[in-house]
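Okay, so chain A shows up in both of these, paired with chain B first and chain C after.
Entry: the complex of A and B
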């Protein structure tokens, strides 16, 4: 069990309205197993990014617990937490924003070696190797983020994440801002890298087609809840929840979902097992 | 992008002129010992309020000779006021790289060479003398050292504090932010000049001049950091949500490292503008303190205490050159403001097109 979420909640105060909260994540149970890529799918505002940031411990959960390798990070002091953080890394959606524009690629990557005792030569070698594995030239080291295209930056961001030797890599809409071809290349790259670096992916996206290639399991989110969770093939063949069906038909027919249904969930709505690891909310 | 900003800056004639003038004034202050014919404390009391020396290029026959000054004959009028007249038989040729008062170049190499001067007992007063017969030109240059360095040093200290405090408040947000910002507001609440006076009163009166100098720097920085901290905090509040900052956080970098390496550098262009626009405040504050006798003490010179001599109407009437320090304060403050404004036009994305 790599990550285990139990009843996790995160509410934000609504801007401009007092006593009103936005329930970004509202009671999520989720398990990510080592080596089993999970796709977290939902429309914008469904709370999937917040969930990712909760796992990254960029936010503190309001309720529930998140266990990473059986350990609850919320119970650690920030001093104890910092060295552990490298185990969960993230690649963000916006490649133009995820690399410090003032840093050369060498400086960006070299930051991953902080706290490790590595000689300069060894660092250099690791950076070059890593750039090669993400399909970039080692000349890239001396250049700055603005000299690269969006796809290349995303490769650099992946390189940075993998240099940390993470157990879990959260890809938060990592290919959503790239065009279809480049996105497909990045997905292929991620597949190749997985075997080499023994990393598990949590792929957060609104695009079901992207997840299909990479993930063994898919969880569909809406209104801060997980409404359906199944193995990828099962979900594509037999979506049970109407929202999932709508998402699927939209994804397969290249059109936007017909209705933006808002689903209300009470305290009692729970995931029901339909066999073979297929869960649907009641 | 940097080059674009620079060329845009150069289009502003006033700003370029201001920058050049500031360059000249600062260079003059740096090499004050060499450029000035006398040290700041070299006095000759018989030459009290001597007018600016006339430099002659022609002798009595009207032929061109190397520049010289006449010796002075001092008479008193009915009010016992000194009247200076040229002594026709005493000529002191103006020479360059002459021996004079001892000093150290940039505080390191001891030497006695001055750019120009005349042989003793002749004296040269380019811009007149003060009440004790000290050369105003020399004292202005030496005073520039103190006045300008207080501005720069004060800004350097208060900006280090302001950046760090603002950075911490903005990065952590929440309670930390609230507490720090309320403290900042407390500092900003007091009228600056009275706080200045009150703090100056705390400094022991038996401090020597260097200690007083440092005390003034510290006092000025103490007052100045809050307003910068506030603005930096606002910028950090938005910067901390940027994804490269979040990424740095997930990489396990320490908060201080994130603030210093990833957040504060992005506030640099604003800080530069703010530095330029706040230096004049420090120069003026030092001048005001010294003007009312609470700042730099005689015999050390600063523009403020030089100007203090010009507080009486009689002195201004009979020796108007003692107003020159005020003119220099004015020019310097103007230049900093013009340059700062131009920098803002160029660097601040909100005002530039």
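Entry: the complex of A and C
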């Protein structure tokens, strides 16, 4: 078990409204197994990005627990946590502000070696190898982020993440701002890299089609809850929840979903097993 | 880069030329001249005044006057001050240094206080300390410089801990270099503080805003997720990006270094350039005005250029080639 979430909640104070909270994540149970890529699907506002950041420990959960390899990071001091953070890395959506504009690519990548005992030559070699694996020329090291296209920057962001040797790589809408062709290339690249670097992906997206190729399992999120979870093929063949069905037909016909998309859940609504690991909310 | 700087320097010439011509016309076309007040003085004979008017070519057409001033300029002759009766360069020279001292003190104070304050406020966003800083900043921003100066002077006169005006104590000439430094420091304290108060309020808010914007960027989240020490996240990633826009402001401040603050210099009886310029305009001491304006214009352009060059050095995205 790589990551296990139990009853995780995260509420934010609504801006400008007193005593009102936004229940970004409202009671999520989720398991990510080693080597089993999970696609987390939902539209904007469903809480999927917040969930990713909770796993990254960029936010602290208000309730519930998140276990990483059986260990609850919330119980660690920040000093104890810091070296562990390497194990979960992230690639964000916007390639234009996910790289520090003042850092050359060499500086961006070299920062991943901080706290590691590696000679300069070994670092240089690892950086060059990594750039090669993500399909970039080693000349890239001397250049700055603004000199690259969006797709190339995402490759750099992936290279940076993988240099940390993470167990889990969270891809938060990582291809959503790229055009279809480039996005497909990045997905292929991620597939290739997985075998080489033994990393598991958590792919957060609003687009079901994107995760189909990469993920073995898909969880659909709405209003801070997971409403359906199944193996990718099962979900695509037999979506049980009406929201999933709508999301799916929207994804296949390139249009936006048109059913009522915000659901209300009570304390009692739980995920019911429909067999073969296919869960749906009731 | 070098070509860019060279090109920018070349543009200074036409700008200054147009500026000086406009100033000259404006000074001459407004009613009255320096000698009008002297004409009312029964102790000065009309012949003397006539002689001076001839000497300074004030009876010639406007453009002729301007071009003779301009040709003298190329020999580094800035003309005579009517009021002081000595070369303009000598009048300005001493005052320039005084204004520079005041402005530099105020600049160091402003930036030295505002930048750390802005960073602190951003890192403690919406906490009570941040709110306190922001509240005080609003008050500081709303206080006119002359009012702050008067308040400070009032307190100084009541407590007697700081001198009330001027730049030196009476026994300044007998002091050694260290005593001289502290003497000037004591004198500059009140005007510099008065000049800085509202700038600190403004600059602090800009710094806080920049810092907050940068702290929300994804590369900051990534840096945190990498497990970098918080200090490195803030000082190596956030601060370096947040300080960029301020460099432009620094360029303008450099330009303002020598133009001074006339009103404040008068209130604190600081013997600076600002007060000099004001009285020069009022008494229509043309060549003194021309030289002062030329100097300010020159410094403004150089200051902007300096800011642009500095920004290019700091930010790899900015290149001026082509």
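The definition used in the following text is that the second predicted complex is superposed on the first by the 281 of 282 C-alpha atoms of A that agree within 3 Å, B and C clash if a C-alpha of one lies under 4 Å from a C-alpha of the other, contacts with A are read in each partner's own complex, and residues count from 1 in each chain.
Following the convention adopted for this analysis, contacts are C-beta pairs under 8 Å (C-beta built on N, C-alpha and C of every residue); 3 or more make two chains touch, one makes a residue touch a chain.
Predicted model, so just to flag it, every value in this text is computed and none were measured.
Visitor: Following the superposition defined at the top, how do chain B and chain C come out on chain A, clash or fit?
Guide: Once chain A is superposed (C-alpha atoms), there is a clash between chain B and chain C.
Visitor: On the A-aligned overlay, A:162 touches which partner chain: chain B = first, chain C = second, or both, or neither?
Guide: In the superposition, A:162 touches no partner, neither chain B nor chain C.
Visitor: Looking at A:30, would you say it contacts chain B, chain C, both, or neither? Reply first, second, both or neither.
Guide: neither
Visitor: Give one of first, second, both or neither to describe whether A:112 is in contact with chain B, with chain C, with both, or with none.
Guide: In the superposition, A:112 contacts both chain B and chain C.
Visitor: Touch test for A:99: chain B only (first), chain C only (second), both, or neither?
Guide: Both partners, chain B and chain C.
Visitor: Which holds for A:144: it touches chain B only (first), chain C only (second), both, or neither?
Guide: It touches chain C, and chain B stays clear.
Visitor: One more residue to check, A:86. First (chain B), second (chain C), both or neither?
Guide: both
Visitor: Find the residues of chain A that appear in the contact set with chain B and again in the contact set with chain C.
Guide: On chain A, the overlap between the chain B and chain C contacts is residues 53, 56-58, 78, 82-86, 88-90, 92-94, 97-102, 111-112, 114-115, 157, 160, 164.
Visitor: Where on chain C does chain A make contact in their complex?
Guide: Residues 217-219, 221-230, 232, 237, 240-241, 314-317.
Visitor: Under the definition above, what is the set of chain A residues touching chain C in their complex?
Guide: Residues in contact with chain C: 53, 56-58, 78, 81-86, 88-90, 92-94, 97-104, 111-112, 114-115, 144, 146, 157, 160, 164.
Visitor: For the complex, which residues does chain B have touching chain A?
Guide: 242-244, 246-255, 257, 262, 265-266
Visitor: Enumerate the contact residues on chain A facing chain B in the complex.
Guide: 53, 56-58, 78, 82-86, 88-90, 92-94, 97-102, 111-112, 114-115, 157, 160, 164
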